[in-house]
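Here the structure is laid out as structure tokens; the discussion comes afterwards.
Order as written gives the chain letters A, B, C, D and E; numbering starts at 1 within each chain.
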Amino acid sequence: MINEIKNACLKAFESGEVGYIIGWQATRFADKTTPLFMRSAEDVEKLVWNKYCVNSTAKYALEDKYPEKKIGIILRGCDSRAVARMISDKQLKRENLYLIGVVCDGKEDPICATCSHKTPVIYDVLIGQPTTEEISPERFAEVEKIAAMTPDERYNYWAVQYDKCIRCYACRNVCPACNCVECYADQYRTGWQGKAHNRAENQVYGLTRAYHVGDRCIECGQCERVCPMNLPIMSQTRKMLKDINDLFGPTECGLTIEEAPVLGEYDLNDREEFM
Amino acid sequence: MSRVGVFVCHCGTNIAQTVDVERVAEAAKSFPGVVYSSTYKYMCSEPGQAMIKETIEKENLDRIVICSCTPRMHEVTFRKMLKGTKINPYQLEIANIREQCSWVHTDKEKATEKAINLARMSVAKVLLNEPLHTSSIPITKRALVIGGGIAGIQAALDIADAGHEVVLVEKESSIGGKMAMLDKTFPTLDCSACISTPKMVDVSQHPNITLMTSSEIESVGGYVGNFDVTIRQKAKYVNHDICTGCGLCETKCPTKVISEFNQGLAKRPAIGKMYAQAVPAKPVIDPNACRKLIDGKCGLCAKLCPLGCINFEDEDKLVTEKFGAIVVATGYQLIEWGELYPEYGGGKYKDVITGLQFERLVNASGPSEGHILRPSDNTEPKTIVIIKCVGSRDPKKGKSYCSRACCMYGAKHAHQILDKIPGAKVVTFYIDVRTPGKNYEEFYDNTRHDGAIYVRGRVSKIYEEDGKLICLGEDSLLARKVAVKADMVVLETAMVPAVGIRELAGMLGIAVDNHGWVTEAHPKLRPVETQTGGVFLCGVCQGPKDIPDTVAQAGAAASKVIGLLNKDSMETSPMISKVDESKCAGCGFCVKMCPYKAITLEDIDVRQGPKTVKKTVAKINGGLCQGCGACNVACRTGCIELLGFKNNQILEEVDSLCL
Amino acid sequence: MSVKENWEPKILAFCCNWCTYTGADLAGLNRMKYPENVHVIRVPCSSRVNPQFIIRAFQKGCDGVMVCGCHPGDCHYATGNYYTRRRFMLMKRLLEHNGIDPNRFVCRWISGAEAAKFRDVVTQVSNQIKAMGPNEKFREPYYLEKEAE
Amino acid sequence: MMKYSFFPGCSMGSTAKCYRLSLEYVCRQIGMDLYEIDGWNCCGATSAHVMNEVMGLALPALSLAKAEKNFPHLDIATGCAACYSRLKTAAHHCKNDAGVRYQVEKTIGMPYEAKREVLNFMDIFGTEEAMTAMQEKIRRPLKGLKVACYYGCLNVRPAAITGAPDRENPMTMENIISLSGADCIDWSFKTECCGGAHQNDATTETRPLVDVIIRNAVANGAQCIVTACPLCNMNLEMRQKEYERIFGTPRIPVFAFTELIAIAMGAHWNEIALDAHYTDASKIIAEAIRAGKEADVK
Amino acid sequence: MLLPKEKLSEALGALAAEANVIAPVKWEGDVFFMPYKGGDVCLEGNGKLPPKDVLFPKTEKMYSYSIAKGTMTEHNDAAATILFGVRSCDAASIERLDKVFLEQGYKDGFYSAKREGLAVIAMGCDKPMATCFCTSMGIDPMKAEVADVQMCPVEGGFTVEAVTEKGKEIVKKWDSLLDKKSKAKPAKVECSLNINVPEDFEKKLMDMFESPIWDDVTKACLGCACCTYVCPTCYCFDINQDVHGDEGTAFRCWDSCMFSDYTRMAGGHNPRPSKKERLRNRYLHKLAYYKDRHGKYLCVGCGRCIANCPAHLDITAFAEKAMEVE
């Protein structure tokens, strides 16, 4: 599999259209890889493809919105949905990207157990056999577990989690749906989000971010992977997705590049519960 | 640090009775930013306002909070008052301590406590109020009326009479619309031509009205007061400037095609006026009928024309003009009943005609000069069946709505038949007879008195048998089957919106319902306005109606346009949304949410390091934005904010409640 | 949770200017009576209320929050409350997922003429919250310390 | 490839003898093979689905399932309008509604996927292939014979199930009959109800229905009526003597449309039991054949 | 002297009687320095977050004021605390923080109050983690710099050696539990991860300010504050107010140089606009600026930033790459 990807990268460089390609490279630790930015044929040698390629490669393209040449990205299933997410949010232009899709074989990441799209949804060239996809029954297991608790138990469960949060904003910086130019949390003058590190401020941050990305979350699991304090962040956005599923019909985000998020739409015969 | 003044009103005893106003004023002094607070018996009265103005000067206040009745009552009053002072009228907040405090609570202690909370919330918000200024957008004093039927004509005349320039655009080669086709109009039975042609002539001679026939709207841009509309003037192939309308070409033209004006009952030449009393009374060549234009032969009319007006190389012209207001008066057409009702012969039987075809038969300037003759063999029919609600009130086959006017013009047709054919027998099949106007019921009674037979029931099948049209139906009042051997059948078919209304609505940004009727701003309270500022509507394009209602609506729409055009500029409300372009990511989530399509994504030049690049940002059109604030919530970054209700203002209000 | 005797809940209500605020004024005009705990914030349309305000209200010590607007279809701005409906259907469930008692956040459609409905909704909500006692969840440390004194 | 599995239906073997014999004659002539479904059962006609919805679908579905088992790649042909309607309804519901399919399969105890189409003989003979084949076999054109084509109800309605393009003025039979040289008249009662099964139990009410149909046909110049359903055929022809006595309705013969085609192909009387008609038909036929021969001579 | 393993919790219990003891405890799946309330202590590896929280808390209320009462109070009530289980790297970080907060002319009142009341019981490392490289930064895993009591894990228990007066009082409390006779000596320990940092590495780094390697080194960084908030020697903070009407509090909270608004000035100019500048600044601060001024690396080699970085960046990999550059 790795050679096919390397050939694809070399072919991309030969075509001359691609400035650099984002992939993974080994680190001194066997069980970790770090994103690799290949600029020329020699860099392609450093490319690795193993079960530790857990970093998402898609969001780095956001930092280079006006590239001279195309940006090449090696996409697993979830990365392709991240690219689709950013394109439909108009933050990336499809013509600036050269996408090398690789059918994913599942990585060392708990989210891969409930992955429903191992085959990339958007690519210029595809490597590997597309697999049949279906939504995993475990998708909302975590949400149902919390739903089974009483309100007080739920609050205490979350209070402990948000006591741990150190507000390093890694979950925001890795999330493809969090693609604002300037995050609300950085606009201290407006006063949405205080700077203090306490449970209440952390809860405000946690809930606000869940609401902001809830209807556009592509369930790539990066937020939970990067959180140094292992907070169950995915269960917040998945709660939103579960409600959207129940209320407005089955949804999976980041599958197409013109996707209308649910909160941007309305439907006259939505359920009426505020009469 | 800002200097806030708090003024607590007694409102006689309305507030003072259950709210200790002195304590509220006292407590207000401790709020951050408040430097002065006092109470007065009637704050909204002249002395009250004078006291406030004087205090503003004396205490050098820069924002004020008035605790009184509902802002929906006196916000305007106090803003007008502030116009006279150095404080911007929008540096004002009103705490509602009457309708939502003193009047609805009994316990004085708790009511005062709540009044203090409400005052604190208002002070917290006023500290963040910025001075706002109404901006004004210029108004082009020109109106565009789309559609030359009686609705468009009446609206254009009223607007022009008020001294404003009007452009009347009509798709056909002449104005007059459906009314020009009619013979008589109910309930007064005065001749349709006699009351509409004078108005048409007025239109052509009115100095303020520019008439553009054979023209259609190509595209609409801009917004209220500043629409720039591109109009496609279709090729007429006749130079109307020099043509005198002598009609020589018309008589000599060899090709004969079906006349749409006469609803297919007669033929017309390829060149000619739409009908005798057409305005402008000048011929036009029909490109899909004229042999010269189709395969280059003939060209007789060009040879014959004494003034050489004919020009076969004429092309469509696109004209773009600026308008302040637009009136949609596109009218209606009759439903295509052929495919919907095969059981009535589906158009096979010549003598099964529609109401408009009957109007052409009975019209003196019609193909049969007013004699009611059977189109099949031109003999005078003795027994005529009129069938109402063909396509109307029939959700399965046609339209679910009632077309309102057919009951009356059905009765009129019966009356005309009994009048013109002595000894004729008229059988009208109906579901209900609806006579919703002045002298309508009396007209219907006279018709029945004249001998028209009204049978309550629907006709199930019409078939031809030895020259007669057998109408099988039922009389549901007598519960028995009925078969009428008729010579002619008149179907009163449903009204449907004019062709192309959906594309036009799309261009104007107005909505149409699922049938295609234009959606008015409010069915009862704003019937002639639409959701888009500066676009008005009148006549049947809004829904089926008869001529009296149409003319009334035309006058109403005209008055709205005149109201708009009388002003040189239009004040836009200052409480509209504003975009902070440095933070805008151009994601477009706000664009879809705006009900008034006031937000567009545009590219602006932005320096990024050494390069300048194109960045997409949202831009708000002040004229269209009504200040609802939906876009504020769509924007995750919070860079689009409604002035007067900015995020930090509402957050301060929320924070100040529980201090 | 023992409820202190004369404790009065603080309830915030975002009311849309064209319908619910008018209804509230009408309730005042008709001298209808309801508890003093509800404080109204006037917004041009219920679609102006950002669900983040609800989180903010609980953080700053409110015991209950209401969002009221026009009935769907009556919105002065045509489509405003359709969006409100979707936003708060989701935020209500997200808050419940995080432990907020469902009765503490209420969203209702109240038209300009339904003065009685405004009074009944307000009375019902404030009695409910009075029974539930003060809201301990999401509160900033400032309020917790102030209570300790 | 003109091969169909054939669902004859009850009347083909009995009252619709002329229809059956002429149909077989024409098929022989143009080389169309009809494989009768072995073990076909009653299609439930007009009564089964009134009594019980599922039974109304299961009865025809059983035969369709057997046809699908025996000849999985053949469409199903049937002559009678009622059989056509019931079979087509069963196939339609089983294809589009999984719930109904499950119940039907449970009732008939065998799988049925409704993969094949159900056709009546107007559809089959109307196909390009059949028309050209019949065209070549016409030897005795029936010149000048005025024919009124009568479709009845179930061959055309309900449009959702039958898919008939024009339910008021169908023309499929006219196209076929014109092959035989006869002239089809234009008349208004093509799809009016002939009273169906109620001709037996509610005769006084349904008698005028047939009278009006025949009068309109005759008024428009028809010498005979042509049908594509044994029940219509029987209703229009069998009681003409009685109608003549009561209403003075003129008497005209009523053929199955395949009879005229067979005659035009040169079939002998007894081959297609032409004498079995209640109203003598031989005179106008002979006259039309003679006119046909003269036209040939010229 | 030797403190047998099984007597450890008893020893800690004794200390907990007088002062509050902070020890590495397993909580929610990771090891954190938390107040010790009995039970056993987890001595594998190191705390997920450094113990700096004890001296320099995430959020520290400094002053509060009330206009109504016209008062302003300072909140500096530091209670005596004993910090148990501090590894040499964290101890070294305390020494770094002391230099910054106490020895730069202005003595930070809040920090110094906590520092005086603090007694550090260092614990040597017998099994350094894969990400540890303190030896490369000149730190002896078995000998902590600011320790009051130095303990080292040996066979069957921990050697105990009082270093300072405070240390002696603590050891006195453990008198009954100690086995005085044992002569056990801790074995020498070497980190698996080693970078041999050359002499005057900081000079070389500072000359490399404009070198192109910064682009590829920082390209993969996400720009979050994870590394700064788990780093024991990061001491940047922000002072903010929490205003409630006419009363409020001023508080100090952690801030990170990796945030975009950290160096954003009035008018919007930002000297460190992108993550490249910020990460460069962070690396140079750890490996160059501090050493240039105070002679010691600010990075104590605890490896927490390597373990927790979402993009798996590694300061040691940077160091090696920097060494290759001439």
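Methods note: contacts are C-beta pairs under 8 Å (C-beta built on N, C-alpha and C of every residue); 3 or more make two chains touch, one makes a residue touch a chain.
Quick caveat, the model's predicted, so the values are computed rather than measured.
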Q.
Does the complex stay in one piece without subunit B, or which separate groups appear?
A. A, C, E | D
(Q) Report the chain whose CA-based centre is farthest from the CA-based centre of subunit C. (A) D
Q: If we define chain centres by averaging CA atoms, which chain lands farthest from subunit A? Would you check?
A: D
Q: Decide which interface, A-B or A-E, involves more C-beta pairs in contact, and give its chain pair.
A: A-E
Q | Rounded Å distance, subunit C centre to subunit E centre (Cα mean) | A | 46
**Q.** Whole-Å gap between the CA centroids of subunit A and subunit D
**A.** 65
Q) What whole-Å value do you get for the distance between subunit C and subunit D if each is reduced to the mean of its CA atoms? A) 72
(Q) Using the touch definition from the top, which residues of subunit B touch two or more other chains? (A) 582, 593, 634, 647, 651, 655
Q) Of all the residues in subunit C, which ones touch at least 2 other chains? A) 51, 56, 79, 83, 87, 140
**Q.** Residues of subunit A touching at least two other chains
**A.** 182, 192, 198, 263, 265
Q: Throw together a list of every chain pair that touches.
A: A-B, A-C, A-E, B-C, B-D, B-E, C-E
Q. Which bits of subunit A are touching subunit B when the two form their complex?
A. 65-66, 89-91, 179-184, 187, 189-192, 212, 260-261, 263-265
Q: Could you pull out which subunit B residues touch subunit A in their complex?
A: 582-589, 592-593, 601, 608, 611, 613, 616, 634, 636-639, 647-648, 651-652
Q | subunit E - residues contacting subunit B, complex | A | 67-68, 244-246, 268
Q: Flag every residue of subunit C that touches subunit E in the complex, lowest number first.
A: 140, 142
Q | subunit B - residues contacting subunit C, complex | A | 70-72, 96, 98-101, 103-107, 110-111, 113-114, 117-118, 121, 531, 575, 593, 595-596, 626-630, 632-634, 642, 645, 647, 650-651, 653-655, 657-658
